[in-house]
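Next come two complexes, and both contain chain A; in the first it sits with chain B, in the second with chain C.
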Partner chain A sequence: MAVANNDLEKVIIQSVMEELAKKGLLSQKGKDHMMSAAMMDMPFVPNPQSEEMVTFPPQEEMQIDNPFNADAVRAMKKLTPARIGIGRAGTRPKTMSLLRFLADHAVAQDAVFLDVSDEFLQRMNLMAVQSSAGSKDEFLQRPELGRRLSEEAARKIAEKCEKNVQVQILIVDGLSSSAIEANIPDLLPALMQGLKSSGIKVGAPFFIKNGRVWVQDHVASIVNCDVVISLIGERPGLGTAESLSAYMIYRPDENTVEADRTVISNIHKGGIPPAEAGAHLTDVIKQILSAKASGVKLNQQK
Partner chain B sequence: MPESNNQRITSVGIDIGTTTTQLVISQLTIENTASGSLVPHVEITDKEVIHRSQIYFTPLVDRDLVNAVAVSKILESEYIAAGLTPEMIDTGAVIITGETAKKENAKAIIDALAGFAGDFVVATAGANLEAIFAGKGSGAALYSAERHQVVVNIDVGGGTSNYATFHEGKAVDSSCLNIGGHLIEFERHGDRITYISEPAQTALETTGQRLQVGERVTLPQLRPVVKAMAECIVEVLKTSVHSNLTHKLLMTPPLQLAHPIRKVMISGGVADYVYAEKEPERMAEVTVFGDFGPLLGWELKVSLDSAGFVLEKPNETVRATVIGTGTQSVNLSGSTIHLQETTLPLRNIMVVSPFTAVIPETPEMIAEVIKSEMIQLQVAQTEGVVAIAMKGPRTMSFLDINSFAQGLLLGMQDYIVNAKPLILVMEADCGKVLGQCINASATHPLEVICIDQIEVDNCDYIDIGKPLMGGRVVPVVLKTLVFNR
Partner chain C sequence: MILKAKVYNKIFAFQSLKEVMSKANEEKSGDELVGIAAKSASERVAAKLVLSNLTLEDIYNNPVIPYEEDEVTRAIYDGLNLRIYQEIKSWTVGYLREYILDHKTTGENLLHISRGLTSEMIAAVAKLMSTMDLVCGSKKIRVQSHCNTTLGIPGTLAFRCQPNHPTDSVEGMLASLKEGLAYGSGDAVIGINPVEDNVETVSRLLDTVKNFMVKWEIPTQNCVLAHVTTQMKAIEKGAPVDLVFQSIAGTQKANDAFGVSSAILDEAFALAQRKGSATGPNLMYFETGQGSEVSLDAHLGVDMMTLEARTYGFARGYRPFMTNNVSGFIGPETIYSGREVIRADLEDLFMGKLHGLPMGIAPCYTNHMKADQNDQEMGTLLCAMAGSNFFMGVPGGDDVMLSYQDTSYHDDASTREILGLRPLPEFEQWLEKMGILENGKLTERAGDPSIFDK
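After this line comes the complex of A and B, so read on.
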């Protein structure tokens, strides 16, 4: 935080703090701390021990002053997570809207840059391998690296995975590690139960770090499965950072194109609930197996 | 797997009221509206009325007995006029409304008509349901959704006034008052009273008026009692503290009035006289249908105006209920449908809601709750099929959904042992996974229908029709029967 080196800045900081305190977003203690930092012309150093959590009012709260038809605004807000009906301060957003925007943006960035935790992989009993992208930065800068397994990964899969199964399930971080941790605990058991009770032979699911959708083709070529399904974190938005997609393909080869993949997207607690998605994916996989085709080819058979 | 993306179904609505009987035939288009990358979502996307019957006087054998044979003759001739046979009807509803529903033989008539009017037609009745259908048919529901304003639809018929309050397209409140335009009968175009019904007698006594059968009355003599009735109708909108007369004539609990009301729509036979340009000036104009409907309409408009309510014009007046019945009675629902086709349609499935509070955590505790409710309702002793209704599992986690499935199987042991289908209706979006969990946990193959995203508040019975869209959805009709109130 910047040093308040003139009176105008102090006044601005003070009014922002007061506004936040008034809205209940900042405790008196937090306000005093920041104010004194500002007044002392000293750089503000957050104290990690007393770091305060800021809670936002519910999204559906009316933010427009004196709305002409409050019911209409509420009804429209209910239809979309988009930032509508948030009022304004002159030509600018209100403090609350701006803070929420910044916070959502931070959540989205975390989803991309953080890794799926080791603790999570252990808890879900998932073997972990990596794409040929060695780091997050490399993964983000060079998409083609995320589409191939690393040499070590290819060796490990060849060694440990069951071959010639009907279905191989992959969990891929893609662009949102948060989506994996939020959805897999409910989605995976539902999907496994569905496939097993339909008598479908499934290989042990495993995790691929820094992976993109196409990495499934590489895996399929090693395990020789009929259907490979990737549960992959979607590019996070400001609405949710936890959305997951399932990409499925029947026997990919060197002639495979994007249209050959079947996708079910928008899996998260505000979209398709993950457990329900698991049951639905079972049906889709059954269709793919019986049609021996996926993507557009599958739709054309229907 | 055949997966056509839309299908048209033909729906009939039949309304047998105190005064009139009518029918409409509509064509409903059902479609999968979800894009390919989402879970399919089948819904009704278009409703078109393809045939409106004439408006018949309800045939009566005597004052208390509807002439079922004559009613079925009316249906027969209207089907011919529409170029349809009963086999061509996919779904629909018969609604017995107003005073008629009070009459002891109503259930028998419904049963007779349900058989006559095609395989999937279901019978329904009930003052609250009637009010809601009328408000949907009149356009009040749509008005509230489009304008984001609360509106009350009052369907004023021959025997009753049915209130339904709509907020954002949904009925949030309803009530029924025993006031209608046919409660006193006259010689047509004349001034001689031929019949005074019980509620009219009550109104006369309470207002200190003296009118008798056989008597000839003038407009000034008739006006006070009609005015009093109109004011009762308005009073229900204004306050929950009622006059003696209103209190006596209410057939259901009054409106809760949780939402402030300004906009009012009137439908039903009396509605056209509410929206008339001028008031009836002679008795002959009042008794044009052998009753006092035109005068009640005018007086109602006067009362509403002076109480400060804003009258909105409905899309349909006298046909609102029948159109609502024909086009709005059907819900579609998908999710898990594991059924032999011959099991459907199922009619009059009793809805059991065992979970009043939070759903417990373990399968054993869930089973306990279900068992005690089933014993209390003596389900085992009846032949009937029941549906378990709930908001959803404890949470949407797979663990809780799976526990619920196990608890359900345990709790319903004695029921499914008789090869009855296991029917679940819930609000939460997890019908597929719950159905999957039930099948995975069951020790032998079961007939299961798991219907999600349906609200079953205030619903006593449901009907489930034959599957549509290649077995992906079933038509579901929720109903509240007047007979047990």
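After this line comes the complex of A and C, so read on.
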């Protein structure tokens, strides 16, 4: 019991010192002292209720020790999203720069390699089918497989989807599942609402896993719609992993080329915000329907 | 020509030299995608065994793409020194590997036989070489070139400072340039990839960099990596172009897709000589990468590595100042993993050097590959040990315009210090004058872009 009491005492001392530190009443030296006291013989007591956590300093923070002109460095950092003014440890990056880079790459890789969750698809009430690419590895290494539906998917679409609609919306993971989960909850309702209030007949949107842009041609050949629009995850950069593109095409066939598609890209909260994109895409689809053409052919008619 | 081999109890028969060449490759996703990769580990070794026994003459007589059909093949064959070829044509590929690695064989010897080797012969021998073989072979060969300064001097390692900006902002670009120079990056070239490929943007960036170079007396070269035809128009309008850049590939069909041909490159080279701003004589900067022909659907059934060698065969006639390889940039359908990209980088460095090219490597990766920063740093160190003339320098390793990761300014300084390599001499003097470098090491002052804001 004596040991437990001793521990309790130390925990109390530690929390008091933490409070003091938060209020700035403790010097850096005091903090070091607290750390070393804690490390010496006190067992770490995790507190899951605590709101405290480790996180990155703001990106715009200037990280150079003793710069010649700190204001100039801060001004430079405002001029570019590039990783400058980040300082160094010897010739190597500082710990926070290294960890931030790893974090940005991790988020990008997770966007590419993780699937859109089943829970998300259920919540959005989206039927899910798959391309001919059976795995992410296959999807990334064999582009042609992502351009065709699996046989099962083609059958399911033929069975369940409404035919001869004006617009069929597809949600396609592409190279970023994060882009789907981040944008679709705002984008899809706005787009559906926009199209319906314009009196346009829309089929029930559904989700395609491991899909590329061209898979929309295969879908259009089954549902026989006028316009097929794919909301598809873009290849993530380190800056954002949540960017989404919309590819639209009017009645694709075997002679379709890339230039026949109309593309709106950079849909994410730092680019075209998803709800705004819904309204914009509605306008573009209306133009495509009235021109009976998309891509370069649509632009030529303008 | 024997195209059959027995590996223990299994016999493998191949139909053509082209098939042997593709199946002898180490695993890469692009060869799998095209459907020309070995189907098993044993078949891969069988192909290497067949290849080791073929003579250089066998390869000469069987170009993977016919002479009549492809101007890259024509450039390779027309540029060959027939006297040297005659002397070595009876060598087997296996013997060539041992000749390259032999202690008695010097870099000078290799540059001599280089003139009698076609690109396919160079690719063939590299297919028999392991990682350390490639490093040993590469390290022997030093190729120097001169534009405003001399690249490739033994004991030096140079860097392209790559201050790209997502909207071509001149001020944003300058901020990244200052940061790079403050780390000692930029002696190979200050090279910018523009977003907008037009004469106005290209000229504006060229003028800005040139003025900065003049103001701060920086001994280096400048370049804006737009399409060659855009740069030519900019030169005609008076823009200061030290180096003319172009991406090239290993088939005429792929070069067509890039919008280039030997006629256009001839014209660009002549224009750079007549109206360019550099001393020369080396005035071209090429970029290449395994897999570009696959991504353009212009591979004609030839494997990526052989096509990359052919690209070097096409390049060498233009006596470039620098040739940079970006195999990791193309994507996972051609190069999937960190392991594949490191292998490709070493192959490309070796094959380029054996072509007599001043090679640099961008051991880079994209976010949809199975590669990460650790792979990139391993690739960089290996290529530096193998004597790469230069690497890229990107702020924090993250190119915010091209959306891929490449060697950072920090990596540039680190690689020099780890291996005891120095910047190009004139540039080192400049760095010392600026107080950025002292005895080959960064000073306290280094890494601070505001030293240019007096």
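In the analysis below, the second predicted complex is superposed on the first by the 221 of 302 C-alpha atoms of A that agree within 3 Å, B and C clash if a C-alpha of one lies under 4 Å from a C-alpha of the other, contacts with A are read in each partner's own complex, and residues count from 1 in each chain.
Note that in this section a contact is a pair of C-beta atoms (placed from the backbone, for glycine too) under 8 Å apart; a residue touches a chain by one contact, two chains touch by 3 or more.
If you're wondering where the values come from, they're calculated on a predicted model, not measured in any experiment.
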Q) Among the partners chain B and chain C, which is in contact with a greater number of residues of chain A? A) C
Q. Which of the two partners, first being chain B and second being chain C, lies in contact with A:Pro67: first, second, both, or neither?
A. second
Q. Does chain B (first) or chain C (second) touch A:Val54, or do both, or does neither?
A. neither
Q.
In the overlaid three-chain picture, which partner chain does A:Leu140 touch, first (chain B) or second (chain C), both, or neither?
A. second
(Q) Just to be sure I read the superposition right, which of the two partners does A:Asn299 touch: chain B = first, chain C = second, or both, or neither? (A) first
Q) Touch check for A:Pro185: first (chain B), second (chain C), both, or neither? A) first
Q: Could you say whether A:Arg235 touches chain B, chain C, both of them, or neither, answering first, second, both or neither?
A: second
(Q) Applying the document's definition of touch, where does A:Ser97 land relative to chain B and chain C: first, second, both, or neither? (A) second
Q. After superposition on the shared chain, which partner residues are touched by A:Leu175: those of chain B (first), chain C (second), both, or neither?
A. second
Q.
After the superposition on A, what does A:Thr80 contact: first (chain B), second (chain C), both or neither?
A. second
**Q.** Shared chain A contacts, counted only where both chain B and chain C touch the same residue
**A.** 69, 72
Q: Spell out the residues on chain A that touch chain C in their complex, using ranges where they run on.
A: 64, 66-70, 72-73, 76-77, 79-88, 90-93, 97, 101-102, 104-105, 108-109, 111-112, 137, 140-143, 175, 235-239, 241
Q | chain A-touching residues of chain C, taken from the complex the two chains share | A | 29, 32-33, 163-166, 169, 171-176, 178-179, 183, 332-333, 336, 366-369, 372-373, 395-398, 400, 403, 405, 408, 410, 413-414, 417, 442, 444-451, 453
Q: Quick one: which bits of chain B touch chain A in the complex? Just the residue numbers, please.
A: 1-3, 36-39, 145, 147-150, 167-168, 396-399, 401-402, 428-433, 435-437, 439-440
Q: Using the touch rule from the top, collect the residues of chain A that touch chain B in their complex.
A: 69, 71-72, 75, 185-187, 189-190, 193-194, 196-197, 245, 263-266, 269, 272-280, 282-283, 287, 299, 302
